[in-house]
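In what follows, a single structure is set out as structure tokens and then discussed.
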Amino acid sequence: MSLPPVGLAHYLAVAVLLFAMGLFAVVTRRHAIGVLLGIELMLNAASINLVAFNRFGPLVTVKPGAGVDMADGQIFALMVIALAACEAAVGLAIILRLYQTLATVEPDDADRMRW
Amino acid sequence: MIADWAERIRAFSEGLCTRFGIPGLLVDVLAWIFGAIFVLLLITVVALAAIYLERKVSGYIQSRLGPMRVGPIGLFQTPMDALKLLEKEDIVPRDADRFLHLLGPVLLVSATVMMFAVIPWDVRANVGRWLDWEIGLLYLVAVSGIGMLGIVCGGWGSNNKWSLLGALRGVAQLISYEIPLVLAAMCVVLQAETLSLSQMVEQQQAGIWAWFLWRPWLMLPAILLLIAGIAEVNRTPFDIPEAESELVAGFHTEYSGMKFGLFFLAEYTHLFVVGLLFAVLFLGGWASPLGGSNLPFEGLVWLNLKAWIFVLIAMWVRWTLPRLRVDQLMAMCWKLLIPASFAALVIVGVVLMYA
Amino acid sequence: MKELVWIIPLFPFAACAVLMFFGAGLKRRMGEGVAWIAVVGIAATLPFSLGVLTELVLGAPSYSCAAPWAVLAGRTLEVGFQVDALSAVMLVMVSIVATCIMVFSAGYMHGDDGYQRFFAYMSLFCGSMFLLVLASNFLVLYVAWELVGLCSYLLIGFWFYKPEAARAATKAFVVTRIGDLFFAIGVFLLFIYAPGLRFEETFAAIRTGTMSASIAGIAALLLFGGAVGKSAQFPLHVWLPDAMEGPTPVSALIHAATMVAAGVYMVARLSPMYWASLDQAIVFGLPALSVVACIGLITALMAALIGVTQNDIKRVLAYSTISQLGYMMVGLGMGLAGFVAGVFHLITHAFFKALLFLGSGSVMHAMQEELDMGKMGGLGRKMPVTQWTFWAGTLALAGIFPFAGFFSKDEIILATWHVGQAEGRWVFFVGLEIGVFLTALYMGRLCFNVFSGSPRTEVAEHAHESPAVMLWPLRILAVFAVFLGWIGSPWVMSNLFHRFLAGMRPELEGTHAVGFNWTVAGASTALAAGGLLLAAAMYYWRVFSPEVLKKVLWPLYAASKRKFWFDELYGYTVVAGTVLLSKLMAAFDVLVIDGIVNAIGWGTRVLVAQLIRWFDLIVIDGAINVMAFLTGLVGEAGARLQSGKVQDYVAGLAIFAATIAAAAVLAALWWRLGTPLPW
Amino acid sequence: MREMRETRGFVLGPYNPSPTTGLVDVPPRRRLTVWNALWLIAEGAWTILVGHWVTLRNFWRKKVTDQYPHRQARRNWLPGPGYRGDFALITDWKTWELRCIACLQCQNVCPSGCIHITPEGRGRERHPVEFYIDAGLCQYCWLCVEVCPASAITMTPDYETAVDTPRKLIRDIDYLRTRGLEFDDVQRPLEAQQTAEAEHEDKGE
Amino acid sequence: MNLVQYYGLTAEQWLEYVGFLGTAGVALVSGLGVLFARRVLHAAVWLLFCLLGVAGLFALMGAHVLFGVQILVYAGAIAVMIIFAVLLLERATGRGILSGNRHLFAGVVSAGAFVVVMAPTLGVALWAAGWPSQTAPTTGQTNVALIGRLFLTRHLLAFELMSVVLLVAMIGAIVLARAERRSDAEEAPEAQGGGAAHVPTEEARPS
């Protein structure tokens, strides 16, 4: 029985699981910040994918000896992190305002936009 | 010389493996473990020495002797303290968050210890991949961020207003002073054109005047790093988190026993690490002032010496300057240090571009 | 001076404007002095008109100027003024008489609260009279004609708070309007057929034949209808006696001298049209001119007869004016021979009739507004100036030798004599002679009753002479009444007036003043004296009482007393007719039209409404309700989706995304890669 | 340099108006110009260095700590006169026995009741057999010394009375006698010397 | 060295495998911790560990800069910020995830749908691509230098834009968060003394 070396599949598997967890957190968490955490998880899963594809993805034929400098995935992941920072900041500000106005933190209570 | 030192560890671990039949490939792992153990020992010794030295120096500055009772000239004072702390009962305040209470010191200590991974001891660049990491400085700064979290957990976990306030202030201070620290380090990065610390040291080998400190344009970053370094460690001019007069003991008010010890240990180790960082960045790591190094352990000695100089300076500063008020602290960081560090960065950039 | 003729109407109009707009203010400040504005307004015209007259007398040609006013159907309507012998004479007459009357009324109207309003209307009247006289085309003539009618209405009804005055004013206005109707139709006829509205153009057209004589005749006759209304001739004379309700100066100016004379002046102005249509049988086979004459004759006789039995001095004078106008119409009716006579009598009559009216005004003033002869008597001693001026006017009117009346009236009678000799129609001569006798009779009666004898009431006792401001105009007019006649007499430059007037008319070119016929003059003078003596006998010497005559000529007396029942006649016929007509129309309106509308209303309210209500309820509301129900249903279902819970949305999003992703990936694999799928 | 010192201090912080801003005639705060700022920084740095030089110099100075247990006899260790330290019963050096006549005055006056005496004998032979002073309870109010007719009891300037169990704080008669003897040979000459000096100083002025 | 191929992997690969399992395990376990931690603060701390796990994965994949940035930015700053936010809101504790949560079903369905859909598809795709695991040989450049160069050449625009986005987000967050004080004073005078004073306790909150 031979184990396959650590490849794209492994990372994708982790990413999918993490994303599913994030999604589950976002949907079920009763605390607004819990939702935010879920979102962070999903973002991380996405960035794992990015870096994984950057590393294993480009099956370009390469001249022997020459190296391929492909770091776009990583840069993309960096951007994702930066954006996650912005998103978290604004998200938290909104949650704070939500808390101040509605004195609750549960997303279910903020349901004034219903029919 | 140190090269064989690392080799010697490796050989020793290999011997072990063969003796106990551990598969070959784990030899590297074993070597790493021994290295880690070595570093841990070094840390504990350094911490104890630092604490002892702190009390001695503060005494001597205040024209008093400092601890003299325990041991010949009080040498056994700190170990005894440590023992005392060990046997003291570890109290967790009622309905405090036990998990966070424990997590506080753990995070802080682990962060501080992790910092030692990238310090270039007296090693030739080619030995030990794990020693010469290409993002050394970034790793250092990143890990210090984690330490900050430890303070927060500690503050919140002890369910007490003072500690919470101390934690919030501490984090605010750390976050603020991280910026000038990083920017000052960036100046050196610009100069050395690499993030890995060992390569920086490589460039400072040629005798005392090759050290970066003596480069005129790097002097300002050096001063900034000094100040920010002291602030990063929450040392006296900037030690508002556990300012005795206001916040009893800041975020480690509710700690007793070994957790308190851990905090104490972490603080001094962090001080030592910053000293090491300062030494590596500006005083040419394990480079001997006379240039060239041939004695075994010579690099190690020089590095530690420079680090200790920094630590002493820190202590010296601690026992002269009064504590800064919170808004003065913040104002100084945001209105003085950060602009200065930006300026320094620009100057270094320009100088390196055209000089 | 001729060129400045257009200023003349301007002065009185200006005075009127000032008085009209600033009258109240001025009255407060100047008090009675307001009158002098009007007087000045009129007096200013005196020098101009005299200047114009002298220029024309010295042989200057007639002058006319015109300004285009509007363009109607291709014709330019002009405001034009014309000055020739006829209008110059009239100008002078009007300005002199008006001035005297204005001065007189300054005194007479003393103490009246509408003081400035009176003078404003008087100035307006004088202005429009000048306009009428100076008019050079039919349009201006018609405008002036209407203005004059308006002023007469305003002035008759000056004391509008007196019901009979208001009624008299409306009566005068309506009757003259009937006359004006014919006048307007005439003008329209001319507007259509005549090349231009200007008199000279019309006469030239008639002369050259471009306009047919018959139409000229008809137009002339229609215009004469207007004159009948305005000059109170036979059928339309009823308004003049009632017009006496107005203040006396008004009667003097309007109903003696000017307005009523306007009709005669208009006929004189248009005489060439009459002369041209002599051979056209217009009405009952008579040419227009003879119609004029006949109506003149009838009016003269009838008025004289009524005048004899009136007790109110102003009514007597009114009827005397009507009869004298009849005389003028007869004069003009005699064609080329009587034209100059008619005009001359018009001028002289204006003066002494104004004098008589003013005299009666001063009498009334003295008698505190009392008009009935029965209540007067013996005023002669108390009012000597009024008496002798009144006697001068009476003698002039009767036609005694040195006075103006003798020459002018005598010339008309002479003209009828010639016509009688020429055509054998003696009826005019006989009629007029009877008129002379009657005129003398009623004037004598009037004078003796008022001035001689003993005062019959204490009011008469206390009567006293009028103030100087009233007496001086009387004296001036008296002077004119006495000496004006001479300018028409054959001894003065062989009838100066005739030569002056004849010079204007080409047709008159050939004729010259008719010699002085002693027989005719003698006859008329004798008749006049007879009348006077009869009056004196009855009222002065009281030889026999008038009752004797009343019993003998009782039908004539009754008829005369009731003014030949004209008022009643018109009352029953015209007035009653219109009233009846209006009632009929009202009835028709109420019954027929309102009835129909109400019926329709009722119908809709009851029947149709029910129908519509049923339809609306069932059909339309039904449809809408169904629609509402449906949308509600759909809405309900749709709303269920939006639970407001943020996390439900996220779940939905995720599921949806997942399915899409799956589909896309499978599709891609199935088509693009063509890889054999594991299953 | 002098002028700069008089001016109001420059504060790095933002200009935050206090509630009475503008109401009281406070001299306007000088705005921080660039040169002022630079001069300020320089001056600040210099003061810090001077401070450090002071501490450094102090680092090498002779230390004042006196290792307590093995202290050098130096006069300034002695507390001033009238220090109320441990108790002592004075022995009359002529008759070589305690002056205390067991009159129980001190026992009665003691507010905290920490003196317990068992008297014996009558008249001139009256002497205490047992004399306990519970130093733990005593509040060192000096009343017993004052009230003693025979001035037999006194408080020595000895402050090193730490013991490791409370029971030892109850001083018995022997302990008090020995302290009294010590007090005599040590304390009296010193007191004499001190009073002599005091008189000399008074004469000097 | 007699490095023996154990289970078909070289020592290097073994090391990497172990490393991968370790970090992935940390990441996934702490992910679960984020999900099921009863108190949100614990969830936040678990998130921190998850982030460190992910950072480890990045390091394993050779993205060292990303490792550093992840720890410095994500774990160091964002996690701290989230924890701060939780500290502020701690009193209004949300109930645990499992206690009678109406959305449990929705959560399971959506997460399940996602996994059910993505896993086989990816599996098929990867199976089709033959479990790619070899990486392209790289030039001698260190990751730091490469990222630095790329940032300032090819992706300069993204780099600059990101600074703008960060600035805007910062301003937005400040405005949003700061409004509370002013509005407190203006709008709701009775809500003085910060939000905590009148936060309805667990029971008082309407069900």
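Structural remarks
To keep things simple, chains are lettered A, B, C, D and E as they appear, and every chain counts its residues starting from 1.
Keep this in mind: contacts are C-beta pairs under 8 Å (C-beta built on N, C-alpha and C of every residue); 3 or more make two chains touch, one makes a residue touch a chain.
The structure displayed is predicted, hence computed values, not measured ones.
Annotation of chain B and chain D: not jointly contacted by any chain, touch as defined at the top.
Listed here as common contacts of chain D and chain E: B.
Comparing chain pairs B-E and A-E by the number of C-beta pairs in contact, the larger count belongs to A-E.
For chain C, the chain with the farthest CA centroid is D. Averaged C-alpha coordinates put the centre of chain A at 70 Å from the centre of chain D.
Computed centre separation for the pair chain A/chain B is 33 angstrom, with centres defined by C-alpha atoms.
Between chain C and chain D, the centres computed from C-alpha atoms are 142 Å apart.
For the pair chain A and chain C, the distance between C-alpha centroids works out to 109 Å.
Within chain C, residues 645, 647, 650-651, 654 each touch two or more of the remaining chains. Chain pairs that touch, as defined above: A-C, A-E, B-D, B-E, C-E. Residue ranges of chain E in contact with chain A, taken from their complex: 7-9, 13, 16-17, 20, 24, 27-28, 31-32, 34-35, 40, 43-44, 47, 50-51, 54, 57-58, 60-63, 65-66, 69-70, 73-74, 77-78, 81-82, 85-86, 88-89, 92-97, 101-104, 106-108, 110-112, 114-115, 118-119, 122-123, 126, 129, 131-141, 143, 146-147, 150-151, 154-155, 158, 162, 165-166, 168-170, 172-177, 179-180, 183-184, 195, 198-200, 205. Chain C makes touch with chain E in their complex at residues 645, 647-648, 650-652, 654-655, 657-659, 661-662, 665-666, 669, 673, 675, 677-678.
Those residues of chain A lying in contact with chain E across their complex are 1-14, 16-25, 27-34, 36-38, 40-41, 44, 47-48, 51-52, 54-60, 62, 66-72, 74-75, 77-79, 81-90, 92-97, 99-100, 103-106, 108. Contact residues on chain A toward chain C in their complex (touch as defined above): 23, 26-29, 35, 107-108, 110-115.
Taken together, the chain D residues at the contact with chain B in this complex read 12-13, 41, 48, 51-52, 54-56, 58-59, 61-65, 67.
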